[in-house]
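The structure appears below as structure tokens.
For clarity, chains are labelled A, B, C, D, E and F in written order, and residue numbers in each chain start from 1.
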Amino acid sequence: MLPADLASTVARALAEDLGSGDLSAALIPAQRQLQAHIISREAGILCGQPYVNECLRQVDPNITIHWLHSEGSIIEAQQELCRLEGPAAALLTAERTALNFLQTLSGTATLTRRYVEALSGTPTQLLDTRKTLPGLRMAQKYAVRIGGGRNHRLGLFDGILIKENHIAAIGSITKAIARARALAPVLCKIEVEVETLEQLEEVLAVGVDLILLDNFSIEQLQQAVRRVAGTIPLEASGNVRLETIRTIAETGVDFISVGSLTRNLQSLDLSLRYL
Amino acid sequence: MLPADLASTVARALAEDLGSGDLSAALIPAQRQLQAHIISREAGILCGQPYVNECLRQVDPNITIHWLHSEGSIIEAQQELCRLEGPAAALLTAERTALNFLQTLSGTATLTRRYVEALSGTPTQLLDTRKTLPGLRMAQKYAVRIGGGRNHRLGLFDGILIKENHIAAIGSITKAIARARALAPVLCKIEVEVETLEQLEEVLAVGVDLILLDNFSIEQLQQAVRRVAGTIPLEASGNVRLETIRTIAETGVDFISVGSLTRNLQSLDLSLRYL
Amino acid sequence: MLPADLASTVARALAEDLGSGDLSAALIPAQRQLQAHIISREAGILCGQPYVNECLRQVDPNITIHWLHSEGSIIEAQQELCRLEGPAAALLTAERTALNFLQTLSGTATLTRRYVEALSGTPTQLLDTRKTLPGLRMAQKYAVRIGGGRNHRLGLFDGILIKENHIAAIGSITKAIARARALAPVLCKIEVEVETLEQLEEVLAVGVDLILLDNFSIEQLQQAVRRVAGTIPLEASGNVRLETIRTIAETGVDFISVGSLTRNLQSLDLSLRYL
Amino acid sequence: MLPADLASTVARALAEDLGSGDLSAALIPAQRQLQAHIISREAGILCGQPYVNECLRQVDPNITIHWLHSEGSIIEAQQELCRLEGPAAALLTAERTALNFLQTLSGTATLTRRYVEALSGTPTQLLDTRKTLPGLRMAQKYAVRIGGGRNHRLGLFDGILIKENHIAAIGSITKAIARARALAPVLCKIEVEVETLEQLEEVLAVGVDLILLDNFSIEQLQQAVRRVAGTIPLEASGNVRLETIRTIAETGVDFISVGSLTRNLQSLDLSLRYL
Amino acid sequence: MLPADLASTVARALAEDLGSGDLSAALIPAQRQLQAHIISREAGILCGQPYVNECLRQVDPNITIHWLHSEGSIIEAQQELCRLEGPAAALLTAERTALNFLQTLSGTATLTRRYVEALSGTPTQLLDTRKTLPGLRMAQKYAVRIGGGRNHRLGLFDGILIKENHIAAIGSITKAIARARALAPVLCKIEVEVETLEQLEEVLAVGVDLILLDNFSIEQLQQAVRRVAGTIPLEASGNVRLETIRTIAETGVDFISVGSLTRNLQSLDLSLRYL
Amino acid sequence: MLPADLASTVARALAEDLGSGDLSAALIPAQRQLQAHIISREAGILCGQPYVNECLRQVDPNITIHWLHSEGSIIEAQQELCRLEGPAAALLTAERTALNFLQTLSGTATLTRRYVEALSGTPTQLLDTRKTLPGLRMAQKYAVRIGGGRNHRLGLFDGILIKENHIAAIGSITKAIARARALAPVLCKIEVEVETLEQLEEVLAVGVDLILLDNFSIEQLQQAVRRVAGTIPLEASGNVRLETIRTIAETGVDFISVGSLTRNLQSLDLSLRYL
């Protein structure tokens, strides 16, 4: 699913770069044409084609782009990713913003793929979180999907996660779940975050759609999995790293969510060169 | 200087998280109040207070915040950064977006400070680039300033940088500079990017405000510095790392620009806890 | 939960009425003050206070309003609902838009309450649909909640409902459900619409979170309820009327959705009078 | 005249339904195509084609639509109204919003036509009011025109109607008319609302462009018509129903305005079916 | 009547000046305060206070302004118009935009007043046109009112003016007027532009609300006034200058419209000085 | 360089004229086509083609336009500037806004050209200022470039000009320049305004990129030019008129800025006629 805010996200990125206009591209004679290609400088997962396409379209619909690899492909270093052609001034204006999207989203998809590979062979699914770069939530959630991960929820509007502080403000886990059941839209799931096995018991007594085990040790996770015995899906979270995710998955939890997928960024190194 | 798009950047970040409304916070009784504080989980430079303040204000002007450290301060791990108080539902709604700004911008300011420290004692200044996270350009440029770096330009609109491809499309360095001098607003500087010492000579023959030495080796940088002899400021760029920046600075260049300052992100680890 | 688009919905309604400015109110001397009250001309459920308040605030923050009944109250004919006071010109400008919101939303809440009462004593819950007045989706969903109904989903973004045509385009019910399970955010429920008992069997073989029985006869509904036996919640829909809803509920379905709740409107008759 | 806000009204309706994206349509393979048609389930006036066309265009310009009846046609039950063809996912995404416009506006046009028919043979014209659904003012005014009614004014900006409360705030009818004549744009008409025959006399003494007789009895209307004797057009308003409008018209008033045309809605029952 | 787009007009003017932020004001220490006043450098009509106030409010609500003359006052050269006080950086940021509004609108009001004075003693009223500065229509129409002129219409939406080309496209004056009577909102006046006395006859045969005599000679105007004899108001237009307007008025026309009121601009010379 | 806000400037101008819709054009049958041309009524510089083109495109992409003279051409009176063809209603709707842009921008370009001609043969360049019509900054700056002038800066965001009041608020010229050098983006020039020869000395002691000599007499300008001796470019400003600009230029200053270029307007007289 392409994010519904794709066009406005691109428009905003172009606006902040262009401001009142591109002073340097204005030096170029209007009729000049250019050809260019984008080259990978390191290996990774290619992600962001719809953002690049939209960016070029907004700057000048006369720019054409031909992709040599499909969205989500595994890319090696020094591969040609696409070919571009069009008015020289427009290409130079769009270049940086297009690359910024491609290297950012490919970076997130690439990291996601590494976590997914660390889980390979287990039934556990990798989830993202709401710890994202401000303004890029939907784009990053998209990159997580392209990388093979799964979205937890997109925001506060499409799922209920009752955390410690919601419980404190409402009074008890039981009361919070009861309110959620009465008020939530029918197609919305309810998840409760627990920090101890005692809280887990309280949730099990009432029932919910999903349980988040926050910062549980491996032993606690194992106990929780045994206790719940498949009746309710379990999600583990808290300081998960590439080195630890497989051990966590082997406790038998259904989902593991990883904040650093989207709150940190190692962008993929790319280069646009003119031919 | 606070970015002029601060309020709209915050509004956009809130909108993508809130969507049609916060289903979880809706469970909390309207009159409930909460107190909270934000704690650092690692050392770094604190950056993003105006974004956090604006975020809280937009969600609910009844939330109050008291900062215990000033913007740009050096923060140790486990320090209390600020105290918040206000309606429980509003605080829970704003929490994630506020933290996303603070951890993102503090991350960039912290990395900037490391580079600045690597340059300490030299007259060379650290510059940023246009390799930024789409939609966060002005916020990241602000974080670079808070971290002690200096902005190169904010976008395509406030400075002319004539690159290889502009030159190719216009015909020659000499012609490109002549056009820039005729067309640029008077308060706008003109910089030319060169990739060889031969190109440097061509620029020197005409004169510009700044010269960018792209991917020059240390030896080439030394030669360039000697040749120019202080008549025009010089900027070095290309794959600069924390380990190499000082050696580059010691060639005598005036500025060094670092793309990874803003195209990668290691966000600062923070936590909001309720009291 | 107040709709997140409340302020923009009000702004748009004011803009279409005000256009370039209120020519009639411009005749009134600036310092003139007025008092007014809103009176019900028929019985119903009062709904729309936050919209009225926001409307007055946007026209002139100096207008004050005091509500004599709380949101969601049962109102008789000829009751005073609120008292207003403020600059005469501003009050006259805001009056029509404020009333339009109040009579529209009270109309929907009143109709919702009638359906809810028809279900009283049964465990069946009343649901709304996406058949709404363009631009008023969130406001109408809010009015349904105030009237005692429950939201099905708010839009296409917060729940998956696989209908006949999705199934046709994907290939089979089984395939559609498998794709939904793989792609949906984890906190999103999956519902499938079936039109025959055979399709119901196909869904039961795979399992989903909710099943929509579309245009089932009373007998078919009874069969479906017996067959499913409480393992999956069931929703009935299709031409439900006030006269028939209780009979449908007595088949034992968990939810009944009613399109005419929000696609038709009998607005509540109200009047604003100056004192 | 097509409303100038048509595209933004459609965009807003799509946005509230789509939110962050259509989760269900995302399940459908990208290349899948569909054909569909819209069928009437009851008789009425067809209205809303430009809104449907714009809605499809905004979702995907590759959807084509062919209308089998022209805007404003009389439609019987079970008639095929149009044929659609295009990408399956896009059609399923656009379907509900397109139908919501068509059934809403056809409902208003159909009711308008009934009132117009009740007036047939008399010279009296049917007018609408500003009692409209918030956000749909221009669309509803358009539907009234398609249904054969005439617009009174579009909003506060394109005509002056001096009501009781304007008069009270200004001081007297005479003073209010004098101010209006001095301040109104020259191409704007001035109408005064009167509630008694005495007020009518006061207006006649000064003269205006139109007089609104509010809540006059049939006898009072007859007296007013005789008194004014065609020198100034007269409009009757107040609780006009389908059963009473002809009797009111027969008093000889020039215009009758009907609030329930646009403040209530019985949407026309339509169905989109895939072929 | 204050233009409904006042705040957005000011916001746009500030945005084009501020762009990504005021680099010069950023040099000023945050706590610095300033006092200033605005001085007239020539005589004229003071106009634009609401624009100046809004401009200051948008830049910083902590700036206070005290006006020493009321909107629409006659101002001599070297008079102090207002006093301002507030944060130095904010005042310096807002200064130019505030002055641009004040000098532009005062310029238009001043010119309007000169034309009004030229008409003094005659019953003829001065009208403006749609020949305005793009984006400043409502502000200029406001300045015309402040200067003592009257608005013709605000735009294409609030009055019908049938010109030569409308007539040509519709077929005849008679047909055009008939269509306008059938389609126009009831509170909207219909005016027809004529270029000859023959066309005038054709209009008189059908009747309209206003007649525009375009580019008539003084003799033709006299003939037209005699012929119409007060039954329909007459407007003269076409190359009207300060030197000729009184002669035109003395023909007895009711209105004279002057395009150069708003399509040219001699801004009033003002200066903001710090104390 | 075309202004980046061109499309939104045109959209805003159309919106203020069209409002809820063009009532007069609505009278014209939909299929009617028209041909028209724009004729100059006086000599000048043609400027504004991209604004006219965009205006027509936004109203109806089916309108075609063929320009007979290129942007920036010298035009005589009674020349045909372009030919238009398209739907009659759309052409009549777009006509006024298109002409308003063309006559406004041609007016500014024409005046600019006169000043440029007055400087011909001298090396001095003509500059504009920030004294512009609110909302038309970028359009006017564009017209100045087309007329042969040069932009000083576009706004507060793309150049630093330290004026008297900045200096007062910061403490001294020396301190202000030091702050600017530390904080400004590297590609941004720093200019200081001086009002006396003593202040000039203070600036020279520290050095800047440009010096603005405000309201200097011819003798003072001569002294300043001699003193600076080409080491720093000099700009003269203050009450420059067509009659005085050459004398000022002959003092040897590099730039002369003229506020009345853009704060006053004598629009070029144009006429659109239908064929």
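Just so it is clear, a contact is a pair of C-beta atoms (placed from the backbone, for glycine too) under 8 Å apart; a residue touches a chain by one contact, two chains touch by 3 or more.
These figures come from a predicted structure and were not determined experimentally.
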Please indicate which chain is farthest from chain D, where distance is taken between mean Cα coordinates of the chains. B
Please state the rotation angle, between 0 and 180 degrees and to the nearest 5, that superposes the Cα atoms of chain A on chain E. 180
Take the average of all CA coordinates in chain A, do the same for chain C, and state the distance between these two points in whole angstrom. 33
Taking each chain's centre as its mean C-alpha position, how far apart are chain C and chain F in Å? 53
Need the CA-centroid distance for the pair chain D / chain F, whole Å please. 45
Would you please write down the residue numbers of chain A that are in contact with two or more other chains? 1, 4-5, 16, 18-23, 25-26, 138, 154-155, 157-161, 183, 185, 188
Linking chains that touch, what shape results: line, ring, star, complete or other? complete
In their shared complex, chain F is touched by residues of chain D numbered 1-5, 138, 154-155, 157-158
In the complex, chain A residues that touch chain B: 5, 9-10, 12-13, 16-29, 32, 34, 51, 88-89, 92-93, 96-97, 99-101, 103-104, 107, 130-139, 154-166, 168-170, 176, 179-180, 183-185, 188, 263-267, 274
Under the definition above, what is the set of chain D residues touching chain B in their complex? 16, 19-20
Show which residues of chain F lie in contact with chain D when the two form their complex. 15, 18-23, 25-26
Residues of chain E defined as touching chain D within the complex: 1, 4, 125, 127, 145, 150-154, 157-161, 182-183, 185-189, 191, 209-210, 235, 255
